[in-house]
Amino acid sequence: MSSITLKGVEKHYGSTQVLFDCNLEIRDHEFMVIVGPSGSGKTTMLRIVAGLESVTGGEVYFGDRIVNNVDVGDRDVAMVFQNYGLYPHMSVYENMAFGLRRRKLPKPEIDRRVRDAAGMLGISEMLKRRPKQLSGGQRQRVALGRAIVRDPEVFLLDEPLSNLDAHLRVQMRAEILRVHRAVTATAVYVTHDQTEALTMGDRIVVMHEGRVQQVGPPEEPYDRPVNRFVAGFIGTPAMGFLECTLSREGDRAHVEGPGVRIELPPEAAAAVPLPGGSKVVAGVRPEHMDIVPAASVGQDVRSYVTGVVEVVEPLGSEQYVLVDVSGAKLTARTKRDSSIRPDQKVAFAVDGSVVHLFDTETEKAFL
Amino acid sequence: MLHPGSLNESKPTRGRTRRSISVLTVAGVLALLAAACGSSSPKSSNSGQGTTPSAQHPVTITFANWADAETATRPGIEATISQFEATHPGIKVVSQPISFTDIGHTLILRQQSGNPPDVAELSGNDTFAVAATGALAPLDSYLKSGVYNAKALSEGTYKGQVVALPWNSNPPGLWYNKTLMTQAGLDPNSPPATITQLMTDLATIKAKEPGVLPLGIDTTNRSFALAVDWPWMKTFGATPFSGSNATANTPQMQAFLGFMQTLAQKGYITANHKIGYYRPLAAQNKVAFVWDQPVLQGVVQSTNHETDAQFFANWGVTTLPTGPAGQASTVDEGHQLVIFNHSAQKKADWEFINWLASDPSAVTGYTIKYESSLPTLANPSPQIQSQINTPILQAFTNKILPTVIQLPYGPNFSSAYTPIMAGVQSAVTSSTSPASIAANIQSGLQNAFK
Amino acid sequence: MKPRRSPWFDWMVLPTIVILAFVIGYPIVRTFVLSTQNYKVLSGLPATGVGFSNYQQLYHDPVFWQSLRNTAVYTFGSVVVAVIIGLALALLTEHMAGPWRYIRTVLLTPWAVPLIVVAFLFRYMFDQDSGVVNALLRDLGLIHSNVHWLTSSTWAMPTVMLANIWTAVPFFFLVFTASLTSVPTDVVEAARVDRAGTWSMIGRIKLPYLLGPAMIAVLIMVINNFNDFAKIWAMTQGGPAYSTTTLVVYVYQLAFSSFNMGYASAIGVVWLLLLMIFAVFYVRLLQRASR
Amino acid sequence: MTAVAPRLDTPDAPVSVPISTRLRRKPWKVAVVAVIVTAGLFWSLAPIYWMVTTSLKNPLEVTRLNPTLYPHALTGQNYGELFGQTLPFSSFLENSVVTSLVAAVIAVAISAFAGYSLSRGQWRLRGFTGQIILATRILPLVVLVGPLYLIFLKTHLLNTYYGLILGYTSFALPFGAWMMKGFIDAVPREIEEAARVDGYGRIGILFRVVLPLTLPGLFTTGAFVFMDAWNNLLYPLTLIDSLKMQTLPPGLLTSFTGQFKTDWGGMMAAACLTTIPLMAAFFAIQRYMVRGLTAGALAGQ
């Protein structure tokens, strides 16, 4: 019943258009994450779902009901705001009860719901405090609590963790998922942090420049990004891109460039509808690069990347190695190895079966 | 697509809109609505339609006056009104206190707006300014001959009809402080009789009594000041305007302005002060000569609590010193009582004002006691005679009142006082030559009469 | 698809517009009409249209020009002096902490004195005979005879302005004090690290931060002074002669003493246009400064 | 908004550099500062001292040609006379308090509505309307008061509280609306949106969320209106005919410089009493004052 459908949604602010023909279906009870860099239109999309913004074109459906003309208060949605949007002049209890009072619930019912939610979030002790007297994490819980007491059909979260420190953020992620399972509402979660998207979403929507780029389970944009943007945006450190030339030898194919040579598996070679000699962009994820002795390049190792180390970032058990490959910058994730130093020449073996190929012009993936 | 659903959904929104509009309307228009109700109060003048007042249907008279607005006279006028109401059970008097400075223009505005009082206290030019708007009822038919003295009545005559009943006479005279004169070596029994003598005496005072202001004259920019300064101009033969002819650019006017400038430059007078400013100074014997009305006595005594005997020993009053043009003069800035044409019960109005001005208890209990000014009766009763038998009031009656002249009061006077008094002020506060000041006054008057 | 914004939300400004139209809008229109009429209430005659002759008369009226000059002197003179005093006091008391901070509160008190009271107070203090100012100056040997503060053409305007400055200083003091707290601490500290002296600290670092608020404060004060009636009327009624007659006083005298409504309205219209021009220029300046 | 609210008298006032930690303060510099600040204090307080002491002197001492620096014979006479039978001072006071307070309340309510609409509305001409409203503030009142007299006459508002209140309110609205707009601009939209999500309409949001959060703004605006109304001389002088309906400024003007004498002592006593309510209003709001002023004016750009 509380599936959400966007059909051809467009949004203009005056002469600037921020959303272009967005189509999206969010299933009942699903935890959908909208991810994208700032300015990609993801928050606008969420606010359109909420009813805080009107659409300039297209339709929004809740279930099979068109809600374009239904104001936010009548949509049965609850929302958690980036800066929490708590009422500074009300206590925690009043903050949570405020929406219920508007719906004319009986007092004992309001009380029960607020206390249940507070118990679930571990803020029962602070019901009498004002938001100012709370820490960031506690405010976050109050904002969540305010949303869940409403027992809404749709649960909207606008970058709710962006104001928390890294440690709390991880903890709150789990908390939100737990709450979502408990309230069984459809949830739409906006974030610019792809780690959050990958770890939390049942499915994720990648937005860029006002358009929906890719929708699917978290592993899909990671494993099969539809274009260079999604490939570069999802995954940390980001995928490296190399401008190469495609070479075909019968049904075998490889790409090569200065310091680069990668052999493609037959399926991949078949997927690329270009003749030999064409320019393509190869994308290599850091975790798919293994360091090898320079001498083995071209011998044992048929697919490789060579370059000069620019920076080494130790990360405890691992390290990131930033390599300059004839001007292109690649990051490799390797075991810790103190022998690697800046300015040193290094070589990496690359598994050709996990390399992504993109059209130079359209930036679309060949898959 | 289920459009009916969306229609249903939009209803509550519209309902809320309607509610909100009503809330807004209430909040926003409340002030205006409330304001529209506030019209009732000043309409009472029409209430008493019956011309014969009786205790069952009392007539209410609204009485605009400044006597009730001033600290000095307020208790007196209120007691007097109560007394009138006690002796005239059919008439109620509602006093509307308005300050002296404002009463003229306030009444004009109220007349223009069809909302004048029944009866009012006026004086000087204000009377004629109000009369010029056609607001005042002629009193000739009510007046019995022989009650009021003819000169006072003529002061209230406009276009051949008496429109203002003289309540009291209040001409300024030259007060002189005998104590200070004695201290300065002057003869306290021969006050200056000419401008020349005045200048000599002022010089003596200035030299001998450094802490004392030699002379007090009102040089404010208001019509009252032009009225009381007019006799000084006349002493020099000057008449700043007549009718709507500006006649200020004359040697006589220049002589007057030069005289005023000399007074100021020698430190004999201070500029831009109301006549009331000098009264507390007089109470401390800090001013030697004052051009002021009879009321000076009351104010001085109420400030320093002197007995009559002490006051009379201290002060004498005489006529304005004569100048190049001869004769001394003064103006009667007496207070007058008027009835508005608009009033529906003129008989009762007349009864009230006639009582105020002529009833012996009102004259002694208010006019003499509180205003310390002269009654306007042709033949004062012995009781009143005994009250005005003081050296000061006798001097006013016998010496000063006979010198009263009439001023060209009316709308032109209202337009004229600002240019003229501004000129006087610039004479006493700057060293601009009297000739160019006179020229400025002249052009200012011409401008004002346009 | 139209946005669903409820239209009444926009109507919330309506009560304001209705009241302003009634109390200000209508009188403006009426003033324009009156300014082309000969309407002397005292004459008892109805108003008659006279075209622009009121404006011609105004052009030849020396009192109008003098009151225009007086208005400018009064307005800008007071503002300039008050800004300087307010700025100096704000800078000097900026770092006062602990019990010293109450000094700032004390410096603000004149603002709380009603204007009419200020007028009376200064009129009394500057009275040439019984005023305390002359007495003090005499005792200090600075003067030998009493200065005619409010009763000479020379001193009346400065004295009225002094009273005005007295009420205006706290306003500027408050604005500057508040703006000084908005100067970022790190900028000040950076300047101290660069060994900026007292004057360059004030001139180069702090003043730029004060400029915006100062200009707004000046605008507010200039408008207030242009329209200041209570102080001048209660202190001198425009005298002596016309030495303190500003446009407000002149219009009031014409309209409510001489009842020359037509002529008064003509002056009002000219003055209104002058204020408008001033305001437009000022807003331009303000926008350029804030960019 | 460029200026932050000044917190002049709170113990936790942000003081950038406390005196004690400032190094190298040369003694002569401290002395110069002390002298100027002392002069400033004298400048601010001397007239007020004079007002208070004069009000406690008897009539003779008040007009002495060599004024006494303090009352030699302390007397409450001047105050007694204010409330005695002879002067309607108490009705001036009552008229002033009633009209100023009611005007403040009404003007704040209407300003809040206008400010909300100007701050959050999305209607066309919003900016233009706002500027027109602000522009009415610069109009010279004295020019308008003549015609105003004539309409008040027709609508029977002369000589009534309603007329005065309407006059004061209209005088205060332009600035009040802008101040409220400034204060409402400072309320995060997110909080309002949260209330919308919670199902509240505009009026509900205004009264339950926005106005409670702009309470300081409401008080500041109210205090400004109150001070303006309390100080207004022109409107009561022209729109009120009778002394009994008069407010303090014209009441004081006409009753202490009356026909008979200028009563400095009584005037100063009345002045003291007139000042007290304004002082109270003033100190209640001074910390918000500049924020309101600059917010109102700057937000217009």
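Letters A, B, C and D name the chains as they come in the text, with residue numbers starting at 1 for each one.
The definition used in the following text is that a contact is a pair of C-beta atoms (placed from the backbone, for glycine too) under 8 Å apart; a residue touches a chain by one contact, two chains touch by 3 or more.
Keep in mind that this is a model prediction, so the values were computed, not measured.
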Middle chain, criterion being Cα centroid separation: D
Chain pair showing more contacts of the two, C-D and A-D: C-D
Rounded Å distance between chain A and chain B, as computed from the means of their C-alpha atoms: 88
Gap in Å, rounded to a whole number, between the CA centres of chain C and chain A: 59
Where chain C and chain D are represented by their mean Cα positions, the distance between them in whole Å: 15
Chain A and chain D: spacing of chain centres that average the CA atoms, whole Å: 55
Residues of chain A engaged with two or more neighbouring chains: 68-69, 71, 74
Residues of chain B whose C-beta touches two or more other chains: 10, 13, 16, 20, 24, 27-28, 31-32, 109, 281, 286
Residue list for chain C, restricted to those that touch at least two other chains: 3-6, 8, 11-12, 15, 19, 22, 129, 256
Chain C partner contacts - residues on chain D that touch it in the complex: 2-9, 13-19, 22, 29, 33, 36-37, 40-41, 43-45, 47-48, 50-51, 54, 62-67, 69, 110-111, 113-114, 116-118, 120-123, 126, 129, 133, 135-148, 150-151, 166-167, 169-170, 173-174, 177, 202, 230-234, 238, 248-249, 252-253, 256, 264, 267-268, 271, 274-275, 278-279, 281-283, 286, 289-291, 293-294, 297-298, 301
Chain D residues within the chain B interface of the complex: 59-60, 62-66, 81, 85-88, 106, 109-110, 113, 149, 153, 155-163, 165-166, 169, 201-203, 237, 241-244, 254-255, 257-263, 266
Touching residues on chain B, where the partner in the complex is chain C: 10, 13, 16-17, 20-21, 24, 27-29, 31-32, 105, 108-109, 112, 129, 132-134, 213, 219-222, 267, 270-273, 281, 286, 411, 414-415, 418, 422-423, 425-426, 428-430, 440, 443-444, 447-448, 450
Of all residues in chain B, those that touch chain D in their complex: 16, 19-20, 23-24, 27-28, 30-32, 34-39, 41-42, 64, 66, 68-75, 96-102, 106, 109-110, 113, 115, 211, 274, 276-277, 279-281, 283-284, 286, 295, 298-299, 303-304
Residues of chain C that touch chain B when the two form their complex: 4, 6-8, 11-12, 14-15, 18-19, 22, 40-44, 57, 60-63, 128-129, 145, 148, 150-154, 156, 236-243, 253, 256-260
